[in-house]
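Chain IDs A, B and C follow the sequence of writing; residue 1 opens each chain.
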Amino acid sequence: MSFLELLINGLRLGSIYAIIALGYTMVYGIAKMLNFAHGDIIMVGAYIAFCGIQNWGIPPVPSIMLAMLVCTVLGVAIEGLAYRPLRQATSLAVLITAIGMSYLLQNTALMIWGANTKSFPTTFINNSSISVGELTIPSATLITIAVNIVIMVSLTLFTSKTKTGKAMRCVSEDRGAAELMGINVNRTISLTFAIGSALAAIAGVLMCSTIPSLAPTTGSMPGIKAFTAAVVGGIGSIPGAMLGGILLGVVEIFGNYYISTDLGDAIVFAVLIIVLLVKPAGLLGKPMREKV
Amino acid sequence: MTKAKRKRLIYNLITFALVIGAYFIIQNMIAEKTISRLLKGLLVPICAWIVMAVSLNLVIGFSGELSLGHAGFMCIGAYTGTIVSGWLLAAYDMQDTTLRLVLAIVSGGIVAGVFGALIGIPVLRLRGDYLAIVTLAFGEIIRNLVKWLYVGTKDGELCFSFLNKDMPKGVKMLVDGAQGTKEKIISTFPAGVILVLVTLLIVLNLVNSRAGRAIQATRDNRIAAESMGISVTKYKMMAFVTAAVLAGMAGALFGLNSTTVEPKQFSFNQSINVLVFVVLGGLGNVLGSVISAVFLTVLPEVLREFSDYRMLAYAVVLILVMIFTNNPLIRSFVDRLISPVRALFHRKKDTMPGGDLQ
Amino acid sequence: MTEAKRHRSDTKMVPVPSQSIVPERDVNELPVLETRHLGIEFGGLKAVDDFNLTIGKTEIAGLIGPNGAGKTTVFNLLTKVYEPTSGVVLINGKDMHGMSIVQASRQGIARTFQNIRLFDKMTVEENVRIGLHNKYKYDMFSGILRLPRYWIQEKRQHERSMELLDIFGMQDLADKQAGSLPYGAQRRLEIVRALATEPKLLLLDEPAAGMNPHETEELMENIAKIRDRFGIAILLIEHDMSLVMGVCEGICVLNFGRVIAKGTADEIQANPAVIEAYLGKRKEAEA
């Protein structure tokens, strides 16, 4: 494979990571929690879309919409039922709850869809490709990257221009002060989970069109890697999630090709460690200072 | 003796007594053949998980740092133990399995400790969730690297190779890449219990000493600890490396308890399992870690016939326990329910004669 | 600024503040603390600027000023929580440049915190024992193996902790969890814990905050008692003027990061700049 092709594959994988990382980074920024179950929402989204096309005969685009809707409801429900009662609890208690939620989603999926790996239809997104000179780019790759760019731009505009978006930034800066300013913190957090989960559904579909195998544990590892990407970019920062996601995606593809397959994961995590050693708050993160 | 000290002594004695008592009961059951096969097979793993939970509690409960890579140290211990045991047999024809097991466990601890120190230096500069994700990353890196490790013995010599299985002919494999380790079972239940007792001794004595207090001070208030002249890095490191050594020993015990262990057995999910033991047992509560490690190892195995539902139920219980123990409203409600009962006990205790004897 | 650069011969010469005052009894002793042109900037904002202070070996000094004047920042500079951007701090004549918080503590400087920072989950006695950490030592292995050294040093630590807790009559609370103590007791425990490190200079950040007048009165007596018993210098930040005027020998007034007055209690009370800082400028019409 040529360098350019690898780079494009890296961008595709990186775009998927970036979209998942957005969910992590927004939730972390606003609720200050590591939502371990986020990766499993991706899996749920992919399953819904899969069932939509394969079993229920719904065309692809409405299937994705359905997956987004289900994931949004699911994300909001999880937040309301499991995380909201723990607003005042230690971060460790919330983390364990999120881990429990992750187990719950995985095992529910196991009961509904079984342990067998499902082969995700790759013809799902138009199977054609575009040739530029000697380079052949599958249109799925272009769609993935384009979707990523659209999401980034619209989220950036949303948080900087709209009133709701600004409220989200307020809550992430100082929850107490935001509450005093009359911002409904609970509703803002719910909204964050809604957006993050809808994005997870999209990411799930895009991911399974790239690697067409779907099982109840499918979301777990990409979830961890996307969280890694969010931390690399600077957790809480939307451009950071983009940067971190793309960086890790490209590094993984190159690592797999030039060094060794299956060592990609190790290399991705090594990048995280190196970045945090140089910049403890991530590439675009703001360092925190304890007030004495 | 002060009241606090006496309370602590009793707590420690109960912890030791429970472990030793359980050991004799089980030995008796083995002698009378009343123990189920299932439970018998679990005895050594239970010991290993107790050691894992207690050592992780040292990091999370006492030094206050969230580590999600504890299984990585266990992995290092398991591999080191296997290699050392195989090498001792091949090079020195050491047939005494007990001695081999002891040496394997000790070397597993040492190598894991060295890795703990190497990882701790960069990692412990980070705080909170950053530290958590980086320890997770280290654990995953270790697991991914040993997937590509090949070790064997030939004519009493060790041969290593990495990435490519490049081994001489007639080699006896000890570590075979993604296939995992290959060794005979030499771990025994008494050895496991001794390791548990050693771990309890180390952790309980450490936390009730000068160094242990310094470790707890860095947890409670970093800046105040520093301004008392306590080097935070030194004591965070002490807790982290001690825990790594213990996890390495647990790994060697665990690894030599089956003919093969695979790298995937030490994924971050395993670290998270141990984390759940620690949190459910109570942060800083060593006895709690022991009990929850035993229960949460045995329970899923006993409930194997309900395989489809047991993990689901486990997830639901985990979430409910967290909400019930951490939500202020529910907690005060539960407190109000049980307070009459508690008051009954307290009054009884207060009016007990001879309470002033010290 | 590096050590070498500071001693370069072509350095611009500036006057060193020498008009500082110390109590008469300390005049022949090395001052425990001396700062020269000490300052720190946070992103262009000079939080503390040209701060000069000398504290005698057994002096009780006060640092006062309106809220946000930079008093706690001065403490953070002295204890090396922040590295100053200009000037020097000398503890017993020793330059503190580049030292860490831990090293500063070993030079004999101890402090309490405005927002109490106890080791909440540990007992009262254990908190004091943390202060004794570098006084009664034994290594990790003696602790794990319970070697004789463990028993000897633990006994000494216990006895010394009780002695120190006795200053405030807190021996009975030794087994209580520090975080469960009432507010005033927590403040007193912080002082005991700081004293345990055997400092030469004790910094108290609003020790009387949250105390009732009776407790404040008692604290005032105790501060003087501590100085007499341990022969150390004390620098305190306090808003309670009765305490400052009652116990401090030298007082330094800070406003907007700069020293606006220095002197004895009487001098400070009569100083127009101080009155202005606290009460605001008198309007033209009234004048």
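In this section, contacts are C-beta pairs under 8 Å (C-beta built on N, C-alpha and C of every residue); 3 or more make two chains touch, one makes a residue touch a chain.
Bear in mind the structure is a predicted one, so any value in this text is a computation, not a measurement.
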item: Centre-most chain [mean C-alpha coordinates]; value: B
item: Maximum centroid distance from chain B, chain identifier (CA atoms); value: C
item: Inter-chain centre distance, chain A versus chain C - centres from mean C-alpha coordinates, in Å; value: 49
item: Inter-centroid spacing, chain B versus chain A (mean Cα positions, whole Å); value: 32
item: Gap in Å, rounded to a whole number, between the CA centres of chain C and chain B; value: 43
item: Chain A: positions in contact with at least two other chains; value: 292
item: Per-residue overlap in chain C, given as positions that touch at least 2 other chains; value: 81, 113
item: Interface hub residues of chain B, defined as touching at least two other chains; value: 223
item: Contacting residues of chain C [partner chain B, same complex]; value: 79, 81, 100-102, 104-106, 110-111, 113, 117-123, 125-126, 129-131, 133-134, 136-140, 142-146, 150, 153-154, 157, 174-175, 193-194, 196-197
item: Residue numbers on chain B that touch chain A, as the complex places them; value: 60, 66, 122, 125-126, 128-130, 132-134, 136-138, 140-141, 144-145, 147-148, 163, 222-223, 268-269, 272, 275-276, 279, 283, 308, 311-312, 314-316, 318-319, 322-323, 325-330
item: For the chain A and chain B complex, residues of the former touching the latter; value: 28, 34, 82, 85-86, 88-97, 99-101, 103-104, 106-108, 110-111, 220, 224, 227-228, 231, 235, 260, 262-263, 265-266, 269-270, 272-273, 276-277, 280-281, 290, 292
item: Chain C-touching residues of chain B, taken from the complex the two chains share; value: 2-4, 201-202, 205-206, 208-214, 216-217, 219-221, 223-232, 238, 284
